[in-house]
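What follows are several structures.
Paired with chain B in one complex and with chain C in the other, chain A is shared by the two complexes that follow.
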Partner chain A sequence: MFAGYETLITTIALGAILAYSFHVVLMAGQLSLGQAGFASLAAYVATLVVPTEPLFGSLSPVIVGLPVGAAVGAAAAFLVGMPVLRLRGVFLAIGTIAFGEMVRVFMNNAEWTNGALGMRVEKWVTFDFAWIVVAVLAYLFWRLGPSRTGRAFAAVREDELAASSMGVNVVRTRMLSFTASGAIAGVYGVMFAYFYGRITPATFDFGLTVDGLITAVLGGYLVFFGPILGSGFLTAVPEIQDAVGLEAGWIHPLVTGLLLLAVILFLPGGLSTIFNRLRRVPAAPDPGRTPPDGLDPLPDRGTEIARLRGLGKAYGAVQAVRDIDLEIRSGEVLGVIGPNGAGKTTLVNMISGLEAPTSGEGEVLGVRLAATGGAHRFAQAGVSRTFQHSKLFDRLTVLDNVLVGTHAVSKSTYLRRLLWLPSARRDERRALALAWAQLERVGLADRANLRPGALSYGDQRRLEIARALAAHPTLLILDEPAAGMNHVEAAELSGLIRGLAEDGVTVLFIEHNVKMVLDTCTRLVVLNFGEVIAEGDPSEVAADPAVVEAYLGTEDIEDGEVEHV
Partner chain B sequence: MAQQLANGVFAGSIYTLFAIGFTLVFGILRHLNLAHPAIFTAGAFVGIEVATRTEIPVWILFPVIAAFGALAGVLVERIAFRPLRGRDDEHFAGLISSVALGGVVIALLQARYGTEPQSFPQEYFPNQLFEFAGIRVTLTQLVTLGLALVLMLGLAWLVSATPLGRAMRAVAENPTAATVVGVNVGRVTAGTYALSSGLGAIAGALLALNLGQAGRELGASIELIGFAVIILGGLGSLWGAMAAGVILGLAEALTIHLFDSTWKSLVAFALLFAVLVLRPRGLFGHVKVREV
Partner chain C sequence: MRLKTSSGAALAAAALLATAACVSETGADTTSDSALSGAGAGEECTIDETVKLGAVFSLTEAAAFAGEYQKQGLELAVEELNAAGGIQYELILEDDGTTLDGSTVAFEKLINRDEVSAIIGPTLSGMAFSTYTDAQSAGVPALGVSTTAEGIPEIGDYIFRASVPEQVALAASIPAAKATLDMQKVAVLHDSADEFTASAYNTITDELRDQNIEIVVDESFGTTDTDFSAQLGKVLEEEVDAVILSALPGATVPLVKQARDLGITAPIVGGNAFNSPVLVGALGDAAEGLIVGGAWSAASETTGNAEFISAFTAKYDREPDQFAAQAYTGAYLIDQAIRADCDANRESIKDNLGQILEFDSILGPISIDEGGEVTQTPVVQIIRDGAFTIL
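For the complex of A and B:
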């Protein structure tokens, strides 16, 4: 059927495998460029273990090489990842390039690799074998996309802080994508060796890395078959040029370069953009359905859920928060007000695990406020939050944003999805129902398939609240939720918060709209210069002279003095 | 030994000139311009052609190459980066579009000059040899070092003491705020690319002058060294890049002296790797406070 085109078609498959090793890190937003090094290590190690005769008479010996290559690639990526994954963006890119080059120079100088001359092996990879490998990879990524793990990748790509506040273990997710990338690169190295029959250290150079990255970005990471599209495109272009009679030489790279430029400039998201528009939109569950079951009950009203003792936070010489003693009890709506720079955001950052206190101690839902562990542990314990400046996942739909919120209360479905276990489908449906319920709660169900950027400012704030609610939080922290809202929207928000409290959710919220705070909260804390200056019943606190002074200043001003506390 | 170290300094000065193009654009605009190595190569080829055709003296040749590079840099920004501004995938897309444009530039060089390496005309530059304290130095090397020093000092002066430099620093700090106070960000962007690519083109011609010839892979051969220099020096730090270029040149020279030239680039990348892991802001970079 493909007579005469076997080599071409196999080349597309190999290009796609290489591109998948970039696809998986791009999905998680990591610009990792060490794949050439992983592929090189895997290919050379495989030459040591792959038998020289077909197995059982006919089976391709490369079958032994693939798991070995994947294991070598994954192990190398894990070891390199431990120091390197502290880096991000261009630093991560250049650090991983450096690793790849170190491998190349090492292989060039080692004796068992036969140096720059390289090694010869049998050409055992046929085109059907190559496409079976591609099909397996495509299947793995097809099942990954709409799973809990796939959503965690996307969340880390879009915003690491927001992802960790939703319970995603960012460090683990980045390492997972990095290790998977190493494994796929390892498979590529082995496939390459046994397709071309020869490897040299120069095979796995920086040019290979650039090719893989281009293929992956060109294909796009929004659909699972992006790498195949990219590889098909890049392999076909020179062939088509040949077919239409363009002579080789400089015209080929020129046309390829121009086409690549055109795709990148005019198709944001690569070739997959064309297909992504066809994606099926998940339908809303039947109206009137009961909310999903199996959620842990919230603690009884009045239970202590957080206790802070002498908590303080210093940034160098600046003491942002000092000596805070505070209890939070289940079911209350605790308002926090204070002038700009009073330490409100620092306080909630500590309670939600984004920052560690520098003095004092505290415990929230059984998790100690400390330097280690990360914010996702707080989210998993039942703390969920929004941010002063919305941190939405811009390239996910409104519904997908909220689905990420269910991370902390759902189980990983990926491995079960690979096997089509019904329980995985049940869990995904449950997460979907939970997400829809939150969208309905904040009144955004009719905009579920828009991007956050298409929503009004007030709707974006509501979406952030829906996402936080999807985690079924015990303690919901809202950082200036009414900022930028008009008084009608603020009143609606106030109603929503009181409704949540009736459902048993404890709410801690920072707000500058004092009227709204007084209307909403059951207890009020006032911060100034990092200290609690008043606390208690809202109307009493609001009348406290110290509070009035903090907000309006003292009367000493007419004497020409400004009093600093 | 001393001879090797001297050679290291000369090589380092070319690394620095090349890498400053990367670091300037990244430091001010947060673009990693992967078309830079192609401009570097083009600088060498254009220099050779102009020298061959017109036989103008060197001190006119280099301003011509710089002007060519500056123009090419402005075009790179217009074609590969400006259309992406504001897109969610601006950073990844910019890498790919600049790689693609770099490929186009190399293809055009092939169209004009073929696949054979090009050489400066015989006797174009006097091949004089000097000897100081037992170290042999060619006139080319001295001119390279001198020109690199003058250009780097000139750049440092430009960035620290002129209105354009001030505007560049403002854009680096905060483009939106710079626009608000009246900085013409479009012009600063064009100026940054012009400077970066002008220096890159000169660096390419200098390397060709030192090697005697230039092939299409000239830029690719130095690209990774350029990454190493900008990271070692701290991304965006001019003085850091200058120091790091020379440090790398010396480290390579020492490796060749102590081991073997095949290990040369391992040292550069091992150094780079170690610095990234132990001190990500580079040897001379500033601490950037992460925003929450």
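For the complex of A and C:
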């Protein structure tokens, strides 16, 4: 088919496989640079198990090597991941580079690898074989994108804190992407060995890692075919330069470098940005549809859902919150007010599992407040929240943001999507219906395909609420939801919150807009210097002289000047 | 319905997988082109069609220090051969960027698209191990002009080399140095991360053992190291008659300089990698007393050597080195093989390259046996007063 170009086109396939091993970690926002080490380990181990004769007469023996290579790469990544995945960003990158160097030095000095002289094997990898592996990888990533797991990857990449608040197990997601990266790098190592027929420890050096990273970033890691685009581009550019008669030498790398720079500068999502407008816009489901089924009923009105006893939080010598005794009962709208620095956000961070208390104890929906375990456990138990400063997933559409919210109440669909099982399709439809319902509830359905950055500030707050609602929460925590809203928007929000309470959702919200708090909540807690100074019926609390003195000032609260303290 | 079409697709994919995973057994293409065979023999041979010669060198990146010289040496030879008449050569030169994929892709282009009669190169043995298996299975004769690692000619009957293997060069330089310097105790330093130098290290230790020379210091370092004080410190502690070094030019320059700065006065003996005027220039005074075993010397009085050096210097405004000389010789060897039967088809070149006996080249009399291995007397030189002098 491609007479005279088979080798060239096969190198595109190999480059794409290497890039996929970076693609999968970049998708989850991790900068891992240990792929050369995983590839090296897998390639050398594969040489021990791959038969020297074709299987059953004509089957390529590399078929044995691929699963072995993938398993070796994945196992190595898992073991390395346990200590190094505690690191973030550039520290993770350095930690993984160190691993790659360790493998190189080890292979260089081991006896069975023949040291720097390397090993020679048969060239069993053919053009078709390489492209089938790429096709399988592309298929795996194509099916991953719009699955629950794929959304979890994207959420972790965009904002780990928000992702964990939506029920995504961040540690597991990072480990999953890291292990998958090891497995793909392992496959690459085996393919490399049996395509070039030769491996030396120096083959799997840092340069290889850089090549893979550049290919993955150049192609773009937001769409599944990015690595193929990147690899094709990097291979084609020198060939095209040859074809137009540019002399080899320093001009080639210069032109390639300039093109790379242009792509990075003008196509921030890589080459795949060009294809973004081809994305299918998901249509809103029929208005007459039945509401999504299979959601757990909310607890009966008045059931205790949270109980805090003597809860405190100290940051070193600073006691942010002390001795809080609080019960939250189902169906109430609990307002928390207090001056800046009173400890309101620290309190809700503890209740939603983002921070562990340093004294006292508490239980929210059956989950104990403790240092270990991660915030996603609270989300899965039915706690959902928004943040004081919006933590939206900036590179996802409005709809996709809300879809991440359904994580806690939907089942994993990825493996079933690979097999095209109808049940996966049903589950995805259900998640979509759930998400659309929340968008309609907050009035953002007509902006479903925009990015959060294109929304007004008030709309961003409402989007965050929609995302939190998509988790079908028992307890919804809103941290200053009306900040930046005008009177009309705040009144609408107040109506929305009351409506949620009528549906049985318990709402805990922090707000500075006192009028809105008094209009909305059924119970009010006032914090000052980390302590509860008043608690009870909103109008009574507001009239409490201690509250008036500590927080509202001495002026008459009927005056109306205190609406925006 | 959807399930049906997708399962059909899955079935098709599985079928494709099953067929594509098979190993294809394509034999060498042995068709010959009658326009590539001519009339006459030897000097009188004339071939009407232009003979395409391919070459793959590392013209950029790590091994460009060698590739540039090879390119120039080869171009000079092809120019001379074309001027001599009878056979016209078209040289198709590819850069592999010192990468394995660059090298295999270049070989594919030369073999399948340009359909060359023979290929010269690549620069590095590491790439040759991969590309020569392709040349072998395609049935294209390939001639290495700088691939000195063990096992290259054994890849197949289409694979030849005109580059003296490292062990031969070292085997000559160590006894010569022993005779001149009365070596009894030596220090051996080698780059253990590079396949070329690691292979040379094995040769060095074997040769020293044969010569009953005691190794009192045995140290290694990495290809990109720049500080060798730890290894050289150990050399200083011992009384050694010579230091034997197996390193690439990148490490050789700082290592030799640091050795001299530290006060190591013992002569330093090296292999092929030393054999470059650039190295001597970079080392300056520190180069004094280096002993180098190699395939070619500017000081050799071999046939045509003086003419080669002056033609090269006139054309490129710099002196040739061993890489240039070997590439230059490579073109003459292929010309010789074509003229033997006056046939530039791949099969004929393959048959005749293995028959070259005592061809009088600038490297001295050179032979290639049927196994593809070269036989040539290496030259051992010492740097005295900044110039290579035959020892």
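Here, the second predicted complex is superposed on the first by the 551 of 565 C-alpha atoms of A that agree within 3 Å, B and C clash if a C-alpha of one lies under 4 Å from a C-alpha of the other, contacts with A are read in each partner's own complex, and residues count from 1 in each chain.
By definition in this document, a contact is a pair of C-beta atoms (placed from the backbone, for glycine too) under 8 Å apart; a residue touches a chain by one contact, two chains touch by 3 or more.
What you see is a predicted model, and the numbers here were worked out from it, not measured in a lab.
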- Query: In the superposed arrangement, which partner chain does A:367 touch: chain B (first), chain C (second), both, or neither?
  - Reply: neither
- Task: Please indicate which partner A:14 is in contact with in the superposed arrangement: first for chain B, second for chain C, both, or neither.
- Result: second
- Using the superposition on chain A described above, determine whether A:126 touches chain B (first), chain C (second), both, or neither. second
- Which of the two partners, first being chain B and second being chain C, lies in contact with A:6: first, second, both, or neither? second
- Query: So, A:90: does it touch chain B (first), chain C (second), both, or neither?
  - Reply: first
- So, does A:217 touch the first partner chain B, the second partner chain C, both, or neither? first
- Task: State whether A:108 touches chain B only (first), chain C only (second), both chains, or neither.
- Result: both
- Task: Applying the touch criterion given at the start, work out whether A:269 contacts chain B, chain C, both or neither, answering first, second, both or neither.
- Result: first
- Which partner does A:253 contact after superposing on A: first (chain B), second (chain C), both, neither? both
- Query: Which residues would you name on chain A as touching chain B in one complex and chain C in the other?
  - Reply: 108-109, 249-250, 252-253
- Mind pulling up the chain B residues that touch chain A in the complex? 26, 32, 79-80, 83-84, 87-89, 91-93, 95-97, 99-104, 106-108, 110-111, 115, 220, 223-224, 227-228, 230-231, 235, 260, 262-263, 265-266, 269-270, 272-273, 276-277, 280, 292
- Note on the structure: The residues of chain A that touch chain C in their complex are 3-8, 11, 14, 54, 58-61, 63, 108-109, 115-118, 120, 123-124, 126, 128-129, 131-132, 135, 196-198, 200-203, 248-250, 252-253, 420, 422
- The chain C residues in contact with chain A across the complex are 2-3, 6-7, 13, 16-17, 19-24, 59-60, 94-95, 100-101, 104-105, 107-109, 112-113, 126, 129-130, 133-134, 149, 192-195, 197-199, 223
- Quick one: in the complex, what on chain A touches chain B? 26, 31, 83-84, 86-87, 89-91, 93-95, 97-99, 101-102, 105-106, 108-109, 161, 206-207, 210, 213-214, 217-218, 249-254, 256-258, 260-261, 264-265, 268-269, 349, 354-355, 394-395
